[in-house]
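Next up, some structures in structure tokens.
The two complexes that follow have chain A in common; it is paired with chain B in the first and with chain C in the second.
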Partner chain A sequence: MRTRIHHLRTWQLTLLFGMLLGVSSGCFSPPADFQFNWVYLAVQEQQLGTPDDPAAFSDEQRRNVAEILQATFGTPQDPRLPGGLEDANPEDLVNLYGLRLAAGPVGHDKVTREPRGLYRQHCAHCHGVTGDGMGPTAGFLNPYPRDYRPGMYKFKLTKSTQKPSKADLLRTLREGIPGTAMPSFLVLPEDELSALVDYVIYLSLRGEVERELISLLSGLEEGALLLDPRQKSTDSEGYGESTALVKESIQNVFMSWSISEPAVIPAPPAWWQTLNNEQLDYSSAEAVEVHDRGLALFRGKAGCISCHGETALGDGNVSNYDKWTEQMVDAKGRTEEDRLEPYRTTFQKYGALLPRPIRPRNLRQGVYRGGRRPIDLYHRISQGINGTPMPNQEQTLTAEEIWSLVFYVRSLPFEHASRPAGVRNLDRERPN
Partner chain B sequence: MMRGMHIERAGRVLPALVGALAFSLLSAAGCARTMPGAVEVDPVSVTDLEQEFVLSSGGTATVQVEVPEPDGFAMLRGRFVLTGSLAGTLAALSPDKDLQVCGANVIPNEALVIGSDSGIQNIMLYVEKGKFKIPVGDPKWEHQEYLDQKDAVLDGANGFDQESCRFLSHVFAMRATQTLAILNSDTVGHNTDLQSASGLAARSNYQVPGSGSVVYSPGYKSKAPFKVSCGAHGWMTAYIHVSDHPFFAVSGEDGSFQIKHVPSGVPLEFRIWHESANKPGTVTVNDPQAEYSRGKLTRTFSADEEVDWTIEIDASNFNHLFN
Partner chain C sequence: MHVAREGEKQVGRFWSLLFLMVPVLGVLVFVFAASPDSKPFLDHWLPLNINEQGYVIDDLFMFILYLTGVILIVTGVVLFRFLWKYDAGRNSEPVKYVHGSHTLEIIWSILPAITLLFIAIYQMDAWAEHKMRRPLLEDGSLKPALAQVTARQFEWRIRYAGPDEQIGTPDDIHVVNELHVPVDEDVVLQIQSEDVLHSFFLPNLRIKQDLVPGMRQFTWFHANQGGIYDLVCAELCGWGHYKMRGRLVVESREDFDAWLSEMAAEQERTQPEPAADGEDE
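After this line comes the complex of A and B, so read on.
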């Protein structure tokens, strides 16, 4: 009897010991805090120094950047917006009420019963508390969740590389992004959706300001602080100059959002209406004519085949990286391992996800991430896709030509992939 | 008895196994991947700094920096010269696509170009915003010659051309108010990507068809020269700088440069920029009035002065190119 109790104790002790070890090794969730952009800091250090001997910013300089960020944008629990800017009013861009609904831990306000923590409830597990696209599930997804911090967005109806409008981000939330892990949030009430849009823009602004502040460090004397409150009493003129410099950078970020404007999308030509009238019939003489026009552009002037491939299977150029990851790779490397060398030596230790080459869309699947409406496809061709190699063709293709391409691209999923039109005569038809 | 012993021994092993399993599960499962630590902040400093950024005009008054007034114009010219010897030479680039066009001429690696008399080509010298913002379009600051060109369309020989899959201007500068024609003298299409990443100058990624052209209107200045690449031909690179004011120059084949009318009587901060030596370290200037520190030359000119700088940059700044 005594031995049995003794055995039980051994068992319990082992379990207890195991639990203690498990807990102490960091398996509890860390407090919600904004992560520092270590990757961008390392990029700046390399640019300032040489690749072999990167310059190093001091701990004090990093802390200074983090302090300015907290003073201007607050914390994940208590977000705020920077004021005191000359030519920009942040409240015009981001709704403070929306921020309150989206920020903080998930729950409700005790008095008003308004929701709280919408971002952490719906977004943070993929996009991360910081909006760095490095939430706990991010590593399991392909494509990775968007990193909001560079302020670049792909799917929008504003001009080429400009910022998206709120309506663009709202559309992405409502529709989701087909072919990715981004779901539709159509079931959420309107005010919650727009609160999330405000919060995503807030995270972008904060991320962009962080990048600006880090790049300002490169212009300083070695070890100097961007904004040192102690300087206020000793050298108020110098402090004023530093404040002006920091404010100008912050202001530029806000202005880049307010100068964005919708791109012009001309109405489709007359044939578009006839051809899309009822059931689309690709065998009619007119349809064949438009299709062939689109095909010729696809192969020729518009240059689509150089990335999307001869057969539009998205296999033309598969070794490009997008703008979010290209700073972590060596584009000149011959093999993928060569290209990934900077990531392995420098950026991996900062928790950055393994960069993957960006795949041109396989146009035969009929899955379009930015939306399948003709107007979406028109915009992708005319303005390009921000942050990717997909170029802006607004000046080089006429509206009629772009609509023909849209018609052709929309016909591709219905064509035999094994016998794509005209591919057998490629050598003769290919432009030099 | 024997049987009892056996059970007892099993009873001893099994719980230990369960314990070990629980231990390994708890210690290994569910841990997040390692991330670098957060940067600790000092709450007192944060509160201090918050005073500067109070919303809705409640903030402390910003210190108005007074903009000085120039008393005329001076002429600045000079040369960038390499001193010491380079640790090697750069091999030409090897195009691997559209060889009929791209293989027509040798494509040099322009990460460092040394011309005649050890002149360093493709260095950009530009005035950076120092203690005050330089007024734009003000005749006190800008000579009439610059005012006339303020809204010019840079086309033809002044445009930004690509030929035999190489950017003809490897380093290029323009004003934010000007418009730039991006030309393509090749028969293949180029995918010209202007990667303005910082500042407000427009980013653009153009498909420029063979023998075609597009126009680029930056609208705002860039903070520093930005990279231009071609999505179709990975070896093609160039740099463009977009400036508010006209005080910039790019060194030519022999390393020479000229800024014809710099405002005098005001302190100016010149930035020396080279793609392979951002803020070169070992630099000497033959001008006691010019102060050099971390890529920046500071000087105040007097009216109608003619200044000729010889800026010597040591070869050690480029060592990293030859590993």
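After this line comes the complex of A and C, so read on.
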């Protein structure tokens, strides 16, 4: 009997020890932190020197950049917006209340019961705490999650390379991005969605400022700091100049977000309304006429076939890289391994995901990442898709031509990719 | 009374009391959960049923719950009785070896077999109601699906058949995570998965159907109460399984038609929304 009780005690002690271990590992895990943009630092080093013999910024310089960044934008637990900008008010762009809901660890405010940590709850496992698109699940996805740091967004209704509006980002959250791993967050309450939009913009602003500051390093003397606190007493004038330079970079980033405006979308021509109704029949004479006009543009003037392929199956040029990855590959390489050489030698060690060529869309699947509305498709053709090889065609194509292309593209999922001559006989009736 | 005096020997009878707690607490949990205003258990019983055919599932559930409940109590009490009676500290008699009882073995094989067979036959009506008796049109043909619901990691893509009542045509209306259906009507849905195993679960309609990629299935119901309910995935489908929730909106035919044509108009949008709206609803 005594041994049995003895065993019981050992067992209880083990359990207790295990629980303590579990609790303590939770308590002592370090708070989440923003990751430094090593890839961009390495790119700048290569540009300053040569790719084979890159320059090297010192650890002190890098730490200096990180410190400026932290002083300006805070930490993931305690995000902050820069103050004292002359031509931009950060709070017009990013709602501080929203930032509070989205930042920090997942949970609730003890008093108000408002949610906290929405970004980490819904977004961070793919997009990463830093918004670098390198969260723990990112590597499993194709396409990879968006890296917010360059401040480039594909699906929006603003002009070509301009920033998206909040409504654009909100729409992406609500609708998701079909054909990718980005799901719809439609059932989240309104204020939580707009808090997430604010936080995404915040991460973009921070990422862009980080890039600006890193590129400022290239203009400095070797080893010099961007903002040297020691200089404050010895050379206050020089210090003032450096401060102004940093402030200007920050301000430029904020300005770029406040000047975006919606692109002009001319009303569709008269035939659009006549054709696109409930009785839409792609085999009617009128529809075939517009369809053929679109097809001619697709193969000719608009040059769509170079990437989307002759049959629009997305099988044209499939070896392009997008703006998020092109800095990590050698576009001139002949084989894939050649193209990936810079990644293997330099960028892989910084945790960057293996660059993959961007696939032109297969237009016959009826899956439209940026939305299936005519306005979305018109926009994609007219303004291009920011950060991808899809070009801006606003100047080269007329509105009428773009609407014909939209009509043609919308008809593709309902049309056979090919009708080989031999198959046509199947349509014939059996002879009596 | 004896227990307190006998020191170490009490452990045996203490354990038998713990075993007695299994049927006692087991029953209490269900009694509390089912009583309408027991505080900590509030809303932990079955959700409101709004499906005309939902009672079939509920009846089956309750029947099996009572059956297994009775068995739980009986076995729990018998187990307790043996533990209590034959506590080693209170029995000095040596253990008797019993080879077994043929009669008893036959009884405890045949009784469960009959019970299982009974359940197998009893549930056939529920199965048929939900899997075989698809609603018909007036002319006796199968009612076509109102919409196609495609589960994918981690959302519900919904494609309404539109005016021509056919899925896969240019007039289809595409929405995501928001399933609207008319109230007081037979609704047929075509459900499928695009990638991995999912499960289409409408708790208030007592509909739960696993979705196997490559398999096209139909499900149907007759909702009799408007409102907003849950649409969730009931099969662990990946790391974002918890994100996979949508809304089921049950509304009058007029509201449903109005909503659908609003969605259709939005899908045909060629001009930006007026700026005055700001962020749209």
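By definition in this document, the second predicted complex is superposed on the first by the 387 of 432 C-alpha atoms of A that agree within 3 Å, B and C clash if a C-alpha of one lies under 4 Å from a C-alpha of the other, contacts with A are read in each partner's own complex, and residues count from 1 in each chain.
Going forward, contacts are C-beta pairs under 8 Å (C-beta built on N, C-alpha and C of every residue); 3 or more make two chains touch, one makes a residue touch a chain.
Since we're looking at a predicted model, the values are computed, not measured.
Student: According to the stated criteria, A:Y282 is in contact with first (chain B), second (chain C), both, or neither; which is it?
Tutor: So A:Y282 only meets chain C here.
Student: Applying the touch criterion given at the start, work out whether A:N95 contacts chain B, chain C, both or neither, answering first, second, both or neither.
Tutor: The answer is neither, since A:N95 touches no partner chain.
Student: Touching A:Q61, do we find chain B (first), chain C (second), both, or neither?
Tutor: neither
Student: Quick one: classify A:P391 as touching chain B (first), chain C (second), both or neither.
Tutor: In the superposition, A:P391 contacts chain B only.
Student: Determine, for the superposed model, which of the two partners chain B and chain C contacts more residues of chain A.
Tutor: The larger set of chain A residues in touch belongs to B.
Student: Between chain B and chain C, whom does A:A181 touch in the aligned arrangement: first, second, both, or neither?
Tutor: second
Student: Figure out whether A:N37 sits in contact with chain B (first) or chain C (second), or with both, or with neither.
Tutor: A:N37: touches no partner chain.
Student: So in the superposed three-chain picture, is A:M255 touching just chain B, just chain C, both, or none of them (first/second/both/neither)?
Tutor: first
Student: Answer with first, second, both or neither: which of chain B and chain C does A:T243 touch in the superposed model?
Tutor: After superposing on A, A:T243 lies in contact with chain B but is clear of chain C.
Student: Looking at the overlay, does A:E86 come into contact with chain B only (first), chain C only (second), both, or neither?
Tutor: First partner only, chain B.
Student: Could you list, by residue number, the parts of chain B that touch chain A in their complex?
Tutor: These residues of chain B touch chain A: 8, 11-12, 15-16, 18-20, 22-27, 29-36, 38-42, 45-50, 52-60, 62-63, 65, 100-101, 131, 187-189, 191-193, 195, 198-200, 202-210, 212, 214-215, 219, 223, 231-232, 234-235, 278-279, 293-294, 319-320, 323.
Student: Using the touch rule from the top, collect the residues of chain C that touch chain A in their complex.
Tutor: Per the touch definition, chain C meets chain A at residues 8, 11, 153-155, 157, 162-164, 169-171, 174, 176-178, 239-240, 243-247, 266-272, 278-280.
Student: Taking the complex as given, what residues does chain A use to touch chain C?
Tutor: 1, 5, 122, 125, 137, 157, 166-167, 170, 175-176, 178, 181, 183-187, 194, 262, 265, 267-268, 272, 276, 278, 280, 282, 372-375, 378, 410-411, 414
Student: Which positions of chain A touch chain B when the two form their complex?
Tutor: Chain A residues touching chain B: 3-4, 7-8, 10-11, 13-15, 17-19, 21-23, 25-27, 30, 33-36, 38, 47-48, 50-53, 62-63, 65-68, 70-72, 80-84, 86, 90-91, 134, 136, 139, 160-162, 211-212, 215, 218, 221-222, 227, 229, 232, 236-237, 239-241, 243-244, 247, 252, 255-256, 259, 301-303, 306-307, 317, 320, 323, 331-332, 349-351, 384, 386, 389-393, 395-396, 431-432.
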